[in-house]
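Encoded as structure tokens, here's the structure I'll be asking about.
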């Protein structure tokens, strides 16, 4: 199978996920401003998930950019990633409808975590296929951003049990970390991390 | 990322938006002609929104036509535009179900306005990337049509608070302005506007 | 705009229409065979509409095959066709849920009719753009198949007022006329038609 | 019609099927962990169907790989396959909601069976079109995997009448047979089969 087919199919699935998520914004029975106010949390959850799918779409392209040969395992690792992303509409809609409940926010974090793990597995497979001098490997370096994200998702899913809004804030911060291409913020974060390591 | 990927993904999302909007036409429980008559406003709202998405799809192509390099900001400005367009099914369905209520018609106008602002931002970014002799810049000129649309959306959203049907008529007129390629109507509108300016 | 963009967008919309139609097959509350039997008419309506969208997809390709230049009117005539096709899920689901009622079957016929008119308009525009020696014009000849379909849709929509099942049978027969590439059947139909004309 | 159009359209439909299936995971009214536990069977059914659509997407590519000329019958055989795959969301959602009921599990098996028959028909048509030295024919050999799958689907649909979970286990095993590229397992299965034949 050519790389183009894999890209086109993934793009199709991502385009559908990002769009059907809006179906969770159910048209209210009422016609007043109160009806809209009741939907604020659902709307914010939709915005957050839209940004996450956008980030995955963006990163997915860079990931496949250096790929030359689509093997069976890469094909299935890609479908595995799409599977977890396909759960975004469900997890997002449930958290949006129950912003102050623990379990929906935990679930959202777990879907984010599983998606980031699936992404990591796909990345590993592509690097292995490309061999020692993989361009992708050089580009991502130690992939600190990816690892920080995973740790933040785990921490947030745990914190959601106690304070859902803290978890929700963390989900938003991780999204901003990927969205804003501010090198200084990233460098600061990484330096602090490295200093922490050297202190230990 | 190549331009083709951006176009294909945008086309995919627009195709899905224009199609899932029809899901707001809920199949009635009844089987008589009265059931259909109750849906007339929902149907008209669907027609209007279908035309708007069609206009955006058409304009989006011309916008990307001159683009050579997809930068991070352009990618996100494009997703920002798709985000507001993705709210069309919701806003359209709510206005269609409550044609004589103020808030749904205000919301529809605000979604139209945000989409036109997002389009304007994307346009600016592409012109800036292309540099001084941008073909796009020469093609759109002062973009009076775009500015008139924005002003009309603001006016309509305001009028919707008092008379929803006036706002709905304005939304339809703006759509026709883009749909009908009658140069004389446009010239007349622009001349009147310029005379107004020179009088002041 | 290039022809490829128009084709890709149309294909996307048609793929979504043909697929979301299945959402009208609501999962029953019950778990027995009776629940399925209650859905037979909805299922048959789905099969019929699936075939119609398939026919349109097939014909649409041949239509665009000879096209070289996408003009504004062709672009909008194409969206006009997609608009009527987008109503298939609604009309199909309503007829399927009320197979013995008149109005849903009339509506189904009217959507079929409007789609065939929109197709005809698009065809005319393409032939006009291509000029006198249009390959498309030579290929379709007098387009008797298209005209017979339109007449059959009108007749069926009328008959549905009296006997819905007669209309439904006619819708199925017209679909078969396009589906089965049996030249003899077509020739027989056309000959009979021409004999009828020469008798008058 | 070129092969690319057929592939792109099929990919579009498959991407939509695999994604709208998630809409059967209805967002629960409740917000606790019990609400999620009630959905375990629906989730597992979704996972299974996601894998099946993934397998069909994968195999479909290899099927079309050697195709050079798209004939009318091939086009309709392909739509016929897409039709049965389009019933996956319905059959999967119904079985997931009623895991211990007989009829939904029988239906799931019948949809699987019809899809595999439709795939087989498409395969035959492509081999016939390609002629005697068809690469596809050599590649699939006697297509034992395909035949075993069909027999397993029939057996499972029958067993579902008595013990739904046995059928469900068989559906999962057939999926694994296609998913895991373990040559030894396949060889063992085929050898046992051939020994069985030679004994008779």
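So that you can tell them apart, the chains are marked A, B, C and D in the order they are listed, and the count of residues begins at 1 in each.
The definition used in the following text is that contacts are C-beta pairs under 8 Å (C-beta built on N, C-alpha and C of every residue); 3 or more make two chains touch, one makes a residue touch a chain.
Every value quoted in this text rests on a predicted model; they were computed, and no experiment measured them.
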Give me the chains shared as neighbours by chain A and chain B.
none
Steps needed, at fewest, to go from chain B to chain D via touching chains
2
Would the interface of chain B with chain C count as same or different, where same needs over half of all numbers used to appear in both copies?
different
Given that chain C and chain D share one sequence, their CA atoms superpose after a rotation (degrees, nearest 5) of 90
Go ahead and note the Å separation of the Cα centroids belonging to chain A and chain D.
29
Distance from chain C to chain A - Cα centre to Cα centre, in angstrom
41
Check each residue of chain B and list the ones that touch at least two other chains.
8, 12, 16, 20, 23
By the document's touch definition, which label belongs to this structure's chain graph: line, ring, star, complete, or other?
ring
For chain C, which residues count as touching chain B in their complex?
1, 5, 8-9, 12-13, 16-17, 20, 23-24, 72, 75-76, 79, 82-83, 86-87, 89-90, 93-94, 97-98, 101, 103-104, 107
Which residues of chain D touch chain A in the complex?
7-8, 11-12, 14-16, 18-20, 22-23, 25, 27-28, 31-33, 35-36, 47, 50, 54, 57-58, 61-62, 179, 181
